[in-house]
Every structure is written in structure tokens, then in C-alpha cells.
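Below are two complexes that have subunit A in common, paired first with subunit B and then with subunit C.
Here is the complex of A and B:
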């Protein structure tokens, strides 16, 4: 009976695969090609696109707004690697094995339920001139109460990274917790018996064994920070004078505010190239099933 | 080894710091416009004023229509993506379609590009074919953007189901369609739920696509509306209404997260296959 193998169902299979594959190709891949083509044209949506060669790319690399945006995006990448990944790991490690670990982690997960816009609204309120943060600093007699948090660059980028970190740390802590739970107990016990403890134990044993989770969290942080849009758009809209833009915001501004589709497309291409390069880090791991990368389950979602 | 007590204390203190912005959100969403003082932002609010502000959000802003549009997108699009993704996983793993991995790879890589790479063509083409600023247009894009992740999870899930399940069903005379809808879909309810929950959260929170592809009240979801409230209401006392709106739009995703943690955990466990 088993002679009728699955290969007999090719036509049926295409009825299942076809719709999804066709939609993905038409809705996701064709636009990528269209954007690539537009990046070599001058186009504002009304008249037909005019081929201009690499002029948009030349203009882009001479544009102070783009160059500033590039620096800001780099700060976002480094900042979200140090703060949310670092503190996320710290929270996972400190809470691991504690009796009330689940409850202790809840405060860090609550901000995850907020959207990027809601976080931006909230922190825009907290960080306004003379706002809650300034009042708290003044109350405790600390310096900085007259700081204009969102007006000066690169300070505005830094505080927005802190706002994003406040939101994102819980998920990182969750991913690291899953990673810690999957570390085999025996080598840790052996190291402990050999006298390793505290930071030494972490550095020599836990950190190497945690590598699958670290790869995913780090890859995810890089990719997500490259695509930063919501929080910046909600808090400063890239301003004042475009000094706090990220590449995602610059693309939006050039295209939909300044109606320069060609330049906007060139920025989109640039952003895509570095994002795809960064994605390769964790996609390879994500695609290798049964490799213990159970954290990959929610990574694609968070990145989408 | 740092003692358990010290670790607990560190985490508790850090956790309290983490809750401070939430306190400020609740405290100032709970102040009436009259009571609001720019000098007393740390003072607690009151429940009565919070309810008054909720009333103001529902009567004085576009948030109600935005919530309706958002709810539509966040419920329907992930459902479509779940079915499309399950069908892809079924074709690749169970029916072993030729070059299945290649097709799966092509579909999965649809998530690699940032949305900024596609949003201008969507806007341009939608404006030409009349899908700009329509609910159908938004549903199509949200569904397709969510499909690769769905296919990824469902492929992993199906590869953990024994082949004998399919063979037994064939022996019993069931057709492929029937096997998919009556056996494989019900078996994968938990994986489907995980995908649905995560993608619904993403659609709910989206700003980029909704900002660019919608403009009228019937189609515009709540996130761009919330963002626009900041300039509509201005600073100062207007913040009481804006913060209340931020609170309201966050409640559905917060509840979803709270009540489906079980599925999150199960979703994480799926990776063991």
C-alpha cells in the first residue's frame, strides 16, 4: 500500500503552494525590482520616470541629511547592541533559576505590549522641555534639568535609543532565558565543582554555550535597528532639521514628503543592501531546523 | 555566585525603574485638562478623570474609527497569512512538491528586505489601480507580508509530524484537500495560533504602511492617528488626551499578550522538532 508515495501528488501540491508563492513573488519581489529601477530615474509620481543613471546615488552621498542619517543609524545599531542585548542578557542571567523569576521578569515584558508609536508618544511626553525627567532631575538636585533632550544631536538619538531599549529588553531577556534553559546542566556542574564561579563561570562556560541564542538576538537587534522608523517618526519626526533621522525615516521623507521618488529609492536600496547583509548572520541559523535554535520561532516575527 | 537574595533585589529594583514610565503614563492619562499642570507631572491622577479622558478620546478624536479599521486588519490579514503559510508548508513537507525547498526559500526570503524597499511601488501602483486608501488593499499587503513567517513556522511544524499520518489517511481514502483541512490544520492549531498572535500584534502596531497607504477615516488604522494626535492636540494639557489614547490603543495587544503567554511558550517549544 505504501507504494503510493507523496511524489504522486505534484499537481495537488501546486494548488497548495501556488497561491502563496504567487502572492509573495508579485507583492514582495516585483516591488523590489521596481524600486531598484526607480533608483536610476528622476520621478515624482506624475510625469513618467526619466532615466538619470547613478545621479540619485551621487546626490545621496552628497546629501548632509543622508550622511547624518547614516551616522544616526550606526549609533542605533551600536546602541541597541550594547543596551537591550546587554541588559536583556543580564536580566535573563540574574533571574535564571530564581524562585520568582517569572514575576520578576514581568515589568520588562509590559513595555513590549506597547506599540512603537505609543512608546514614542510616552517618551516624547517624559522628555519634553521641562518635562517629567527634567523635573525629577531638578527635584533631586541633579544637573541636566534644563537639557533639551529631543532638540540636540546626537543626544536626541541617544535618548530615543534608550526609549526603544526600554521597550525591547523584555523580548531579548525572554530569548536569552530560553537559551539558558537549553544549556545542558552537566558541564556547568563540572565547572562549578572545579571551582569556577561568578563571572568566570559565565565567561568560560555559559557565554560559549549560549552562542545560538546570542547569534539570533544580536542578528535581530542589528537588523531591527537598521530599520528603525516608528519611534523616531513618533518622537522627533527626524527633526529638528533632519538631525535625528534614521535611514528608514530618510527614505520616507525623501519619497513621501519631498516627492523625490528616485532619491528615496536610492536610500531604500542602500538600506536594503546593508540589512540583507546583516540578515545573513541569523537567517542561516534560522533555516537550519533541529539545530536547537528554538528561539528562531519568534525572531522572524519581531523582525518583520 | 551572587546570592539569590542579591539577584532578586537587583531585579526588583531594575523592574521598578522599568515601571516608572508606565506610572507616568497612567498618572497623566488620569488628569483632567483642568487639573493638568506642567509643573506637577509626577502627581498621581484619578480614575474619574481617566474615564473622562477615555470619553474624550472616543468622542473628540478619530480613534474609534481607527480602532475599527485596525481590528479588521489585525484579525483578517493574519488569518489569511496563516492559511497561506500552512498550505505552503503542507505542499513542501507533506506533499513533497518538486523543488520544494527552493520555493520555500524564495518565499521565506520575502522577509529579508526592509518594507522601505517595497512601500513606494505599493503606493505608486495602488494609486494607479485604485487600491490606494482601500481596506482591501491594506488587507492584501498585510496578509502577504505576514505569509513568509507563517510558512516558516508551519513548515517546521509539519516536518515534525510523522509521514505515517499522511499515509494512513490516504489508505482510508481521504483526498489531499480533506487531509489538509480535516487532519493537518486541526493538528497544528497551536502553531497556527502562535503565528496568528504574533502577526496580529505586528499588524496592530504597524505605522509605516498605514501612514503611507491610507488617508481616509474608514481605512486609516489607529497608529498613524495616534501619531497625528501629537500635533493636533498640541503639548501641555492636550497630553492628557494623547496619553489616554496611547493607553487605549495598547490595551488589546497587552491583553492578547497576557492571555496567550501559554501559546508563546508553546511556540518556543515548537523549535524542538
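Here is the complex of A and C:
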């Protein structure tokens, strides 16, 4: 191939790349820059934005609703690491190698086909005062039928995490199953011959060998829980009195309900920064411990 | 591999065109007015009426989500994609749009319609900003108490004319396991009982509060909240966290009374029969204020400045106020028409209309949702929801609202 044709080829490639690249710039990068700019302005959605410096950020950290939302988001991050990730791993490990494992895992996977909003609406009816759960508890004479699941904080956040877990366990179990399948059999057999079994086998052999899967599942879980929005919006709209908001809901509420686009943008920027920071710090740490050659692959998978 | 230049250009052109096509909105039918709204009313049926009478129809799209609707209207009004007509609220929310010059003036329409006697002068005040009028009414609604006739008959209750009688009725209903009053948290209905109790106790204070001349921590406001708290403690309210519609709760015999505007007739009549199952009465005043305060609200339809259909939109707005249109509207909606030449379609509202027309007996005031500036309103809805969910000392909730109110009135 001559250098001339190579250049022509590259020029030609730009014609095909151009529209795609333009689309990414228009719908992804420009809005991010616009949001950043808006976060330094006072803007009600109607009159032109007025530059106010860092006032929105100062206001944000002084706002009790924002601070509550920050705490709730932290509960979501921890909660979704313990429940959907933990139970997902448990299911994958316990069912691994069983004869009917595939069938056993199906019921856990089905909820994943639903959208977050559908799960929210469904559990909203189950958990509302006098809803299906309260009626069931009352019918069986069990305590708790008077509990206001969605109205007391932090109980409402906890039950929403459980609702999200109902949906999320299956896919985590699936990812862990794939991880378990990719573990070579030889070291496990060697360990068994050396007398390892049960929890010891899991702790010393399976867990370290499962690291690539764990990294992905935990990384995804952190990012997804930081940006929790749909299920909360569907179940409580962040209420009552803003006590169950997450950062995603606070961002939406400040922007579109209170028409305070500047403050909403500040929350959006803050949320983006901590999400990116958490992902980068976590992945850096994990990948520096693990196999360096996997770095590119895992980052690509997590960010996709 | 090499590509011929024309092919490359064609590929780029196709990609560019398809992107642009994706951006442009679908136009709708040309002879119909593009109309966005946040009401679950049957505009399709009404569009047929207008098509017959003035050869203009509505291409209506309804937003079920209030927040999405507000965001859409605010975003679209500044652009060429502005709808011809949209529903909105009077008060601070309309002022916001008028300040930006986004809503078409309707002063000349109002002048003509008042001269014709199609609408009362007092309604015009709700549409006046700095001496000029904007938007026109679809309906003007008075707030009444809807009640379950079956429950009232079963326990031998009379329609109350005093607050004390209303409370006595509530005691009886409560003792039979029926929630006397409907109450709901969140946006928009968390304000209802605050409005009823504060205006019923001291209408002037209510008006001062809305205008920023009084504070949410004033003793009078605290007293009103304590009346509310007392009713909460007696168990007079339905569950504010319930997602079951009030009319369904009433139909199931779990709820006896619902305070709402006369527009609610079209909703309640979907499950209960007017006259047989439900009736309505004016909500009595708590203290003796000379006349009984009645909240009013009005559903405006507004023409946008930027729309290419502006002239037709204004024509349509004016027709909507006419006796013919209002009679058709009342027939469809079962509500109380504001045009004195129109007749209400139900006996219940013909009676209520007559009652409210009695001179000096009633004092009409603007509903809290429109009377209160938006930032204070959203804070208040949150705080009232908190108060309903955990009824207790009202002061922290009032302080929460006052904090926002103080900041707002300092700038306005």
C-alpha cells in the first residue's frame, strides 16, 4: 500500500467517523460543559442565566435536603454492596456445579427483565400504607402491619434497597457464575488434595481467583448505586419531605421541580465527580493488586 | 480499500440528514391548534364541538407528570417549537412567564367578553398582571366539600353549616371506622388543609401570608396548624401516604368527605353518581368572619407569543369563554360554568351556583397553590407533607417554610 492511498483511506474514514463523533460531542460532551457552566449561574429556566460564582455550591452544602440525600446515597452504596452483590455471590457459589443450577437461577434472573420504574411502581403498591405487605402481615397475625414502610426515614431507603436487590441479585449471580466457570480446575483440585474444603477453600482459593469478576460486579454496583434515581422517583419521589432522596433525585428535584437549574447543575456536577472518583480510585486499587494486563479490558467493560 | 468520493459525500449527507430529521418534531395536523396541557380532561371530545362551531380543533397532548409538563412548557416557550395553546396556573407561575414576554396579551378579548356579560369582572383580576390581561379561563372553580350521601344517611348526619357541626359529623364518622376527610401528601395536594384552616380562621392573615406581609411563624399561623394537628390526632384524615384515589376510597365506604374544586365532579362521577351517591356543600368558616371564605381557582388556557398559530389561538381562547362553549364544556365536565349565560349540567352545581351567588354571604379568595410564589410553594408542600406524615409540633415545619419565604421576599 502506498502512503498516498493510506492517506486517502484515512480521509475517507473521517467521512464515516464524522457523524458518529459529532453525535457524541453534541449529545454527550456539550451538555456536560453546559451543565458545568450552568452550575455557576442562577437560572430559573426562563430568564437568561446570571453568573453567581460558587454560590450554588455553597448553598448546596448548606442545604439539609442535600446532606440528607448524601447520607441516603451512601446507604444505597453500602446496601447494594451487601445485599445484591453478597447474595448474588452466595447464590452463584452455592448453585455452582449443581445439576439443575441453570433452572435454580432462573427465578432470580427474571426480575432483571423489568425496568427500574416498573419495579418501583410494583413495590410502591406492595409497601404503601395498608398495601399488600401490610395486609399480608395482618392476615397472618404477624407484627409490623402498621409499619409505614415508605414514610419513615431511613426505613424507606432500606426497603427501597431491598426492592432494588430483588431485581439486581440475579444478574450479579450470573456474572459471578461466569467468573466461577472461568476459574481453572487444577488449583482447586490441588487445594482439595491439600485438605482445604468448605469456607477455607472459598476464602483461600475461590475468592482470590474470582477477583476479575468481583472487580466488575462491585465496580458496576458502586456506579449504579451512586446514580440511583428511577426506583426512588417511582416509589416515594424522594419524600415525604425529601427524606428519602438520593443525589439523582435531588438533582432532578432542584432542577425541574424547583426550577433552580443552577443548584440542580451543581448537584449534577458533584454527583459526576464522586462517581468518576469512586470508579477510578476503586479500579486503580483493584487493578494494581490484580493482573496489570487486564487493566484495559476491565475499564472498558465497566465504563460501557 | 478505497471509496469513490461521491459515495463518501452521499454517506455523509445521508447521516447528516437523518440526524436533522431526528431533531425536528412531528408537525401535527395543520388545521388544528397545537395544545399541550396537564389536565386529564377529554379535549378530544371538546375539539369536535369547536370543530362544529368555529371550524377549529385542538391537537392536544397531555402530560401526566406535572414536573415534566412545567419543564417542557418553560423550555419550549422560548423557541419556535412553542405550542399554540397551553394550560397553566394563574398567580406567581403566570407572572414568571409574562415577565419574560412569552405569553400573548388578551386585554382586548377580556374587554369584549366583559362587555358581553360572558364573564364576571372579579375573574379578570385573576388574569391581570400590571394592568394587562394574559390568558383566558377554561373554567373557574369554587372549592366545596364533596360528601358521601350514603354515609351521611346511614349515621343520620345533616349537611353542616358551621365548623362545629362539621367536626361533630367527623366524630361520628370516625367512631364508625370511616375516615372523615381526605388528605394527601406531596405535590400538589399537601396544601389543602392548611388553606382551609388558615383561611377559615383568618382570611386576612392568609392573604397577608401569600403577599409576603406576614410570616409563617406568626402566632395566627401556628394556631391554624394546631387546629390541623388536633384534627390529625383525632384521626380525622385519610392516610396521606395512600396511593388509592379519593373517589375510590369513598366508593369503598372508607372515606366520607373530599375537599376539592368543582372541576373534581368529572372525576368523582366516573365512579359515583351525582345526586344519588355524592353531594357538595360550602366549607364552613372556623371563626365568624362576616362572610364565609371560599377558595377559587381557575384553569387558564394561554396563547404563546412565538407560535405561528398565535392569531388562531387567541380566537379559540375567546370562543372558549362564550356561553355556547361554556355550556358544552360544563356538559362534558359536569362542572360549574363561569359564564352566567351558561347552565350547569347537574342539579348539585345548579344549587351550589345559586348559593354562591347570594350577595355578601361568601368571600372568594385565590387558592394557595396559585396565591403562593413557586419557591415558597414547593418548600411548603414538602413541609406540610412532613407534618401530615408525622403530626407533631408544627413549629419546625413552619420555620422550614419561613426560611425559604424570607429569602424569596428579600429579593422580590
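We take it that the second predicted complex is superposed on the first by the 269 of 304 C-alpha atoms of A that agree within 3 Å, B and C clash if a C-alpha of one lies under 4 Å from a C-alpha of the other, contacts with A are read in each partner's own complex, and residues count from 1 in each chain.
We adopt the following convention: a contact is a pair of C-beta atoms (placed from the backbone, for glycine too) under 8 Å apart; a residue touches a chain by one contact, two chains touch by 3 or more.
Computed from a predicted structure; not experimentally measured.
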Touching partner for A:184 - first (subunit B), second (subunit C), both, neither: neither
Touching partner for A:123 - first (subunit B), second (subunit C), both, neither: first
Contact breadth on subunit A, by residue count: subunit C or subunit B: B
Partner chain in contact with A:112 - subunit B first, subunit C second, else both or neither: first
Which of subunit B and subunit C A:241 touches, first, second, both or neither: second
Partner chain in contact with A:47 - subunit B first, subunit C second, else both or neither: second
Which of subunit B and subunit C A:257 touches, first, second, both or neither: second
Contacts of A:195 with subunit B and subunit C, given as first, second, both or neither: neither
Touched partner set for A:269, first subunit B, second subunit C, both or neither: first
Which of subunit B and subunit C A:9 touches, first, second, both or neither: both
Shared contact residues on subunit A - subunit B and subunit C: 9, 12, 16, 19, 23, 45, 124-125, 128, 130, 252, 255-256
Residues on subunit A engaged by subunit C in the complex (per definition of touch): 5, 8-9, 12, 15-16, 18-19, 22-23, 44-47, 124-125, 128-130, 148, 150-151, 237, 239-243, 252, 255-260
In the complex, subunit C residues that touch subunit A: 1-3, 8-9, 11-12, 15-16, 19, 67-68, 70-71, 74-75, 77-78, 96-97, 99-100, 102, 185-187, 239-243, 374-375, 378, 382-383, 385-386, 388-389
Subunit B partner contacts - residues on subunit A that touch it in the complex: 1-2, 4, 6-7, 9-10, 12-14, 16-17, 19-21, 23-25, 27-32, 34-35, 38, 45, 91, 94-95, 98-100, 104-118, 120-126, 128, 130-132, 135-136, 166, 169, 178, 197-198, 201, 226-227, 229-230, 233-234, 247-248, 251-252, 255-256, 261, 264-265, 267-269, 271-272, 275-276, 279, 283, 286-287, 289-290, 292-298, 300-301, 303-304
Footprint of subunit A on subunit B - complex, ascending: 1-2, 4, 7-8, 10-12, 14-16, 18-19, 21-22, 24-25, 28, 38-39, 41-42, 84-85, 87-88, 90-92, 94-98, 100, 103, 105-118, 120-125, 127, 140-141, 143-149, 151-153, 156, 159, 163, 166-167, 170-171, 176-177, 180, 194, 198-199, 201-202, 204-205, 207-208, 211-212, 223-224, 226-227, 229-230, 235, 239, 242-243, 246-247, 249-250, 253-254, 257-258, 264, 267-273
